[in-house]
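One chain, chain A, links the two complexes that follow: it is found with chain B in the first and with chain C in the second.
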Partner chain A sequence: MKAIDSMRSGALLRRVGIVLLSVLAALALGAVFLIILDVNPFTAYYYLLVRPFSSLNSIGEMTIKMVPILIVGIGVSFTFQTKLSNLGGEGQICLGAIGMTLVGTSSFAQAVGGWYIPVGMLVAALFGACWAGIAGFFKTRFKASEIITTLLLNYIAVQLLSWCVYYPLRDTAGNIPQSAPVAATLPRLIDGNRMNLGLVIALVCVLVYWVVMKRTKFGYRLRVLGGSIKAATFGGISKKKYYLIVMLISGAFAGLAGSIELAGTQTRLLEGLAGSYGFDGVVASLLGMMNPLGVLLSSVLLGALSIGAETMQVRTGVSSLFLNVLEALIVLFILLGFSFFGSGSRRKSKKEKEGE
Partner chain B sequence: MDQIFTAAFLVPLFAAGVRMGAPLVFGSVGDVLSEKTGVMNIALEGEMLIAALLSFMAAYSSGSLLAGVLVGGFAGLVSALVIAFWGISRRQDQSVVGIMFNIFALGFTNFLYRATFGVRTDRAGVEILATIKIPVLSDIPYIGEIFFQHNILVYLAFIGAVAVWFVMKYTKFGLQVTAAGENPKAAAAAGVNVVRLRYTGYMFSGFMAGIGGAFLSLGNVGTFTENMTSGRGFICLAITILSRWNPLFAVIAAFLFGTVEALQLRLQAMGADLPYQFFVALPYIVTLISLVIFGRNIRAPKDLGNVYNKESR
Partner chain C sequence: MKQTPLLELKGITKTFGDFTANDSINLKVYRGEVHAVLGENGAGKSTLMNIIYGIYKPDRGDILLSGQSVKIQSPRDALRHGIGMVHQHFMLVGMYSAIENVCLMGEDSALSLTNKKKTEEKLNELKKRYGIEVDLHSPVEQLSIGMQQKVEILKLLYTGADVLIFDEPTAVLPPQECDALFDVIKNLVRQDKGVIFISHKLEEVLYISNYITVLTKGRITGQIHTEEADKETIVRMMVGEDVLPPDFAARRAVGTPGPVVLEGEGLYARDDRHVYTLQGVDIQIHAGEIVGVAGVEGNGQVELAEVLAGVRKARKGGRVKIDGQEVSTKNARAFIDNNIAYVPADRNYVGSVPDFPLYENWILRNNHPPMKGPFLDYGEIRREAENAMKSYDVRARGVEERSANLSGGNLQKFILARALEKHPKALICEYPTRGLDIKATWFVRDRILRAREAGMGVLMISGDFEELFSLADRILVLYGGKIVGEVRPETTTVRKVGMMMMGVNGHESD
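Moving on to the complex of A and B:
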C-alpha cells in the first residue's frame, strides 16, 4: 500500500483540503453521469446527501449501516498497516453471521436469552478469523497473493451462507430460505430508534485500534513492518508471523461486524446479508487513511450515503449501487490529489527506494 | 458415474469448456503480457464487466455484433488507459487503484443498465455470435466438435495467445517487455522506454479483457446481467500465475477452468446429490486450491507491482 504513504504525509490542512476537493470532484463527475442519463442531479443528491441527516430516526438508521462498515474498516486498517490487503470482508462477514446464527438459534441461547450475545460474538469473530486465516496461511506458507485469495474466498463464503439458509439452518416454519430468528436482538440505545448496542461496540473497536497502533509494541511492529516507521533494526520481527496474525485480527473484526448485522438488524440469517459492507470497509479505511478518527468519520459518511442511496433509488429510480461509483471516484481523486499536491510525495518515493 | 464417462457426455463437456474458457483466455493472456512489463491488472474484473455491458448496448442499438465486440475491446482499452494514468504516470499503488476501479465498475454498470433498460423481467437480448465450423477440421471425430465448432472469438482467443507467445519469445519487443518487468532501471539504461512499454502492456491487457467481456454478453447469452463477470477477472489473475507467465500454458489453464465451469453446470442440471451452492462455488474452490498446489515456488517478474520512478535513479 505504497500509495497510502504519500497520503499520510503533509500538513493536516492540506490533507483535509485534498479530501474535500476530491469529494466535490467525485460528486461533480457523478452529476455528469446523472445528467447524461436524464436524472436531475440535485434531486438525486438531495436524497443521497441531505435526507439522511434530516431526522433522528434516519440518523439511527445511518448508525446501523455505519457500524459494520466501521468495524470492517478497522479490521482492514490493521492489514493495510503492514501493506497487506484483506479484501475478503464480505466473506468474513458471512462467516461471522453464520457463527452468530449457530449460537443465537441454539437451545443454549433459548435458555439464557440475551446473554448468548457475547458468546455469539466471540464465535463469530473466531469464524471470521478462521476464514481470513485461510488466506493468511496461504500467504505465509505458499506465498499466494492475499489479494486474489481473499477475493476468491468471498465467492465461496457467499455460497456457504446460501447453503446454510437452504439446508442446515433453514427455518422449517416458513417457505423463505432463511434461518429461525435469534433468541434475542441487540439492546437498543434509545426507545423507538433502531440505533443499537452495536454502535458502542464499534466505537470500542476504534479505541482498541488506536491504543494498539499507538501505545503497544505490537502496533509499533506492525508499523515497522509496513514501512511507515523508519526502524534501524528490523531483526526480531518475523514477517510471516505478523502477516498471519494481522489477517486473523482483520477477519475477527469482519466476523464481529457480521454478528452485529445479524443480531442487531436482520435477526435471521439470510442471503445477501453482507451487502456491500466488505468493500465499504475497504473504502472507509483508505478514505480515513487508516487513522482511527479518519476511519470513523469516513464510516459515518459512507453509512449516511448508504441510507441516502436507498432513498435515492426509491425516489428517483437511480440504482443504489451508484454509490459505488461515487466511493471509488472519491478515493481515486484523493490518490490523484496527493500525487500532485501531497508534500513529500517525491521524498517518500526516494526513501522507499533506499529501503528496498 | 457411468453416465459421465461416455463420449456423449464428455465431448459436449469439453466443447463447452473450450467455449467458457475463451473469455478467461482473453483476460489472462492480456494480463500475462501486462505482468511481464511489471504491472498486474487487478482491474480485469471491472474492465470485463464494463465491456460486457457496453458491447451489449452497442450491439443492441446498432444491431451489429461486430460493432459490439469492437466497442467491448475499446471500452476495456480506455478503462485501462485511465487506470494506467493513476498507476503508472501518477505512480499510485496499482492494487488500490485496481480495486477501486472494480468497485466503480460494479456500480457503474448496474446504474447504467438500470437507467437504460429499466428494471423489468423480460430482458433485452441480441442474437449470440454464430458458430463457425472450420472446414475439414470440424469433421474430425470428437476433436472437431470440441475445438472447431465455435464462434469467431474462440478462434481469436487461441490465435491471440499464440501471437503473444511468439512476440514475447522471439521479438526484440518481447525482450524489452521482460527487461521492463525484471529490472526496469537496467532496461531504461539500455534505452528502453519503460513507461511507454508498461502503458502498452497494460492497455493491451485492457483491450483483451474488453473482448473477453464482450464474449460473456455476446458470445454466451446475448444479454447483460448484473455483475455477470462474477469473479472471472480474479480467476484470470490466478491463471496468469499458474501459467508461469506463458500464454500457451494460460490457454490450457483457461480451458481447464472453463471445463470446471461447464461441468458444474451439467452436474447441477443432472440433479446430482449435492446442494447447488457447492457447484456454484466449485470454480472458485478449484482456483484457490490450484493456486496453492501449483502456484508455489513460482517466480514472478521481479518488479511486478512496483512503482517505476524515472527520476529516482
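Moving on to the complex of A and C:
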C-alpha cells in the first residue's frame, strides 16, 4: 500500500518515468529467459508487442481482450483511490456474465432482440456490485480485510458459474456444459472486424471515471478518504458508507465487463469465461497509476500482450505462459521502483526534512 | 576576560538549494557556561546543531575546539572530539539497561561481563560526580522519560563529552521533571562542562542559561548575557521589530456572553484505544465567550473537543445540543451543517489532506462547496481560497501548493481561515498555537479573540498557560476525564491550575 501511496503523489514525470523504466526492465529480464530458451528476444518481442498492431483485424482482436481489462481496471482504480483493493474482479465478472445470461436467454430477450442488452448490462452490473458488496459489508461491519475476502469470493463465484452451466442454465440442445446462446450479440463497429460496441462502453467508463474523480463531490470525498482517513472523519465523510459504496461501484464495473465479454465475445455462458481479466484489471490500474489515461494505455498494452502471446507461441514455440512471467516482472519492478524512488521513499523524505 | 572558548563557530553557513538555513553563524561556548540558542521553529537551530554534530557539512565556516580548527565528519567524530548531543528522541535500546546501553557505545564487546562491571563502576562514579540519580539496571523502557534522558546524559559523559548539546530537552518532559533536568545541567557546568541549550521557550532559557544567542530565519539577531536580558529585549530580538506583545487580556474584558450555543450533557467517550478517557462531562459554551480547557495530555480534553465537533461518538447516552437542539454525535455532517467549526490538533493529517493542493483542502469539512450543476466549481473554490489566504496572510506559492509543503504557521492560518470564513456558531480548537512561531501565535490568538467578539462560542483546548490565562473567559480543568474545577483567570494562579491538573484539589493544598 505504501507503494500505492507514492503513486498518488510526487511529480508526474517522475512517476511516469518509474513505470516506463519498470516495463523496460521487465522486458530486459524477460529477454534473458528467452535467450536461455534459445529464442531470439527481438523476434519474440516483435510477435508479442508489435504484431498485434500490424493490421486492423488484429487491432480488433486486441480491443476484445482490452475492453474487459480496461473496465475492470477502472473499477479497481475506484477502490485504489480510497486505498482499498478489489482483487475479486474474476468473481464479479462471473456474476456479471451469469446475470447477462439470465436476461439474454430469457423469453423477454427473445421478444425484444438486441434491446435486451442494456437491461442485461444493468442486471450484470447489479450482480457484480452485490458480489463485491459482500466483501464491502464484511469490511465495514467486521473490519475483514477486503484483500482476502474479495480473493476468496472468486473461488465461490467460479464454482457458482460451473454449477450454472451444468445445471440450471445448461443448454439442453447439446452435450457440452454451456448455456444457450444469448438472443443477440453486441453490435460490431466495423464490418468483418470483431471490434464491438464494448469498446465504446469501455471508453465511456474511462470518461465517467475521470469526471467523477476530478469534478464531483463524490470523487472528492473518495480522494480525501484515500489521502487521510482522519481528515475524512474531520470532513464528515463516513468511512463505512464510502467504503461500501466504492466496493459496490468496483463490482458493478467488473460485472459490466463480464456482460460485455459474454454478449460480445463468448455469446454463451461457459466455464473459464472470466479468464485472467480480473487480475489483469488490477495490473492495468497499478500500471496506469489510477490515472484514466494511464489505465487506458496499460489496458491496451495488456490486451496486445495477450493477443501477441498466442502469436508468439505459434511462431517461436515460447509458451504463452511467458506472458504471466512478464506481467509479474512488470508489477514487481513497479512496486520496487516506487518503494525506492517514489516520493514516499525513505531517501526522498529525508531530503525533504533537511529543508526545515 | 575569559579563557579560549571550548567550542567556537566561525562564519558557519549552510544552504539547502535556495534556502539558507544558517547564515554566517558565530558563537562561542565556554567551559562552565550554559549557552542557550533560542529561536522559533525553522529558525535553523537544528541545522546548526547537526553541523556541530557532524551530520551536515557546512558550506563555509570553521569549527574550533579549544582554539584548534577541526573537521567533524560524523557523529562518531563529534564524540571523539568530546561533543555529545541529547536528542529529542532518545538513542536508546529499550530492552537494555542503562549499563548495557552505555556498553553499546564502546569499542569493546557489549556482552563481556568484565566490561559491564567496569562500565558500571565508572557510571556510578559519574552519577555521584554530577548528581544524576538513575536506575542503571532496569531496562530503560521501564524508566520515565526524564530518567531516560538522564541515561542519555550519562552515556555522553561516559564517552568523555565536554560539550553537551541539549536539543529542546524540555519539550518531551512533564513539568516536574524539568526541574530535575535543570539541576543536572547546573551540576554539569559547575564541573566545567560546556552546555548548548536549544529551546524556543523564553522562560526556561532565562532561567538556565548564562548567555543567549537568538536565531531568526538562519541568522543571528541577537547575542546577550542572560543577566542583562529580559523577556522584552529577547522578544524584540526574535521578532526583529519594536513590537510589544499585544495585550490580549484587555480585550477579554469587553462584552458579555450571550445564550448557550453549544452544550454537552453527560459526555462519555472512548479514545482510539477504546479506553474511556472522557468520563461524564457537562459543558456549556455561550455565544461570545472563550472557554479554555486545561489538563495534562490524555485526560480526555481531545475527546471532549472531538465529541463537541461531531467527529467522535458520545457514549453512555451523552447528548450534544446545538442552539438547544439535540444533534446525534453519530452524524458528523449534522455538526458541519449546523456550522460548528473545528480546528484539530493535527494540522497535517486531520485538518488537511497532505497531498492535496490548498484549493482542494479549502472545501474539506464543507458539505456545500461551490457547484456548477453537478460538478464542483473549482474556479470559485480557487477564488475563495485565494481571498482567504490573502486576508489571513497565508504565505504559500499559491493555491496549487500542496498543503504538506506549508509551514506549521501558514497551514494553521489556512485551516483557521477555512473554519472562520463560514461565520460559524461555535469554534472548537485544539492546541491552536502549538509549534507556531511568535508572530503566527499572535495572529491566531487575535483571530480567536475576533471570533469571540463576533459572537461565536469558542472552546479552546490548550497546554499553554499563557494562552489560557490571556484568552479564556473561564478555564475548565480536566483530570481523569472529569471536570475537576472551573476557574476565572483573573482570580486564580497558574500554580493553582497546575495543581488541579495533577488531580490535587486547589482547596486541600492551601
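What we mean here is this: the second predicted complex is superposed on the first by the 324 of 356 C-alpha atoms of A that agree within 3 Å, B and C clash if a C-alpha of one lies under 4 Å from a C-alpha of the other, contacts with A are read in each partner's own complex, and residues count from 1 in each chain.
Assume a contact is a pair of C-beta atoms (placed from the backbone, for glycine too) under 8 Å apart; a residue touches a chain by one contact, two chains touch by 3 or more.
Predicted model, so just to flag it, every value in this text is computed and none were measured.
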{"item": "Partner chain(s) touched by A:217 [first = chain B, second = chain C, both, neither]", "value": "second"}
{"item": "Partner chain in contact with A:37 - chain B first, chain C second, else both or neither", "value": "first"}
{"item": "First, second, both or neither for A:87, with chain B first and chain C second", "value": "first"}
{"item": "Touching partner for A:238 - first (chain B), second (chain C), both, neither", "value": "second"}
{"item": "When both partners are placed on the shared chain, which of chain B and chain C touches more of chain A", "value": "B"}
{"item": "Chain A residues within the chain B interface of the complex", "value": "1-4, 33, 37-39, 85, 87, 138, 142-145, 147-149, 151-156, 159-160, 162-163, 166-167, 279, 282-283, 286, 317-319, 321-329, 331-332, 335-336, 339-340, 346, 349-350, 353"}
{"item": "Touching residues (chain side chain A, partner chain C) in the complex", "value": "8-9, 211, 215-217, 220, 223-224, 227-228, 230-231, 233-238, 354-356"}
{"item": "Contact set on chain C toward chain A in their complex", "value": "16-17, 19, 42, 46-47, 56, 310-311, 332-333, 335-336, 342, 344, 346, 349-356, 360, 363-367, 369, 371, 374-376, 378, 402"}
{"item": "In the complex, chain B residues that touch chain A", "value": "42, 86, 90-93, 95-97, 99-101, 103-104, 106-108, 110-112, 114-116, 230-231, 234-235, 237-238, 241, 275, 277-278, 280-281, 284-285, 287-288, 291-292, 295-297, 307, 309, 311-312"}
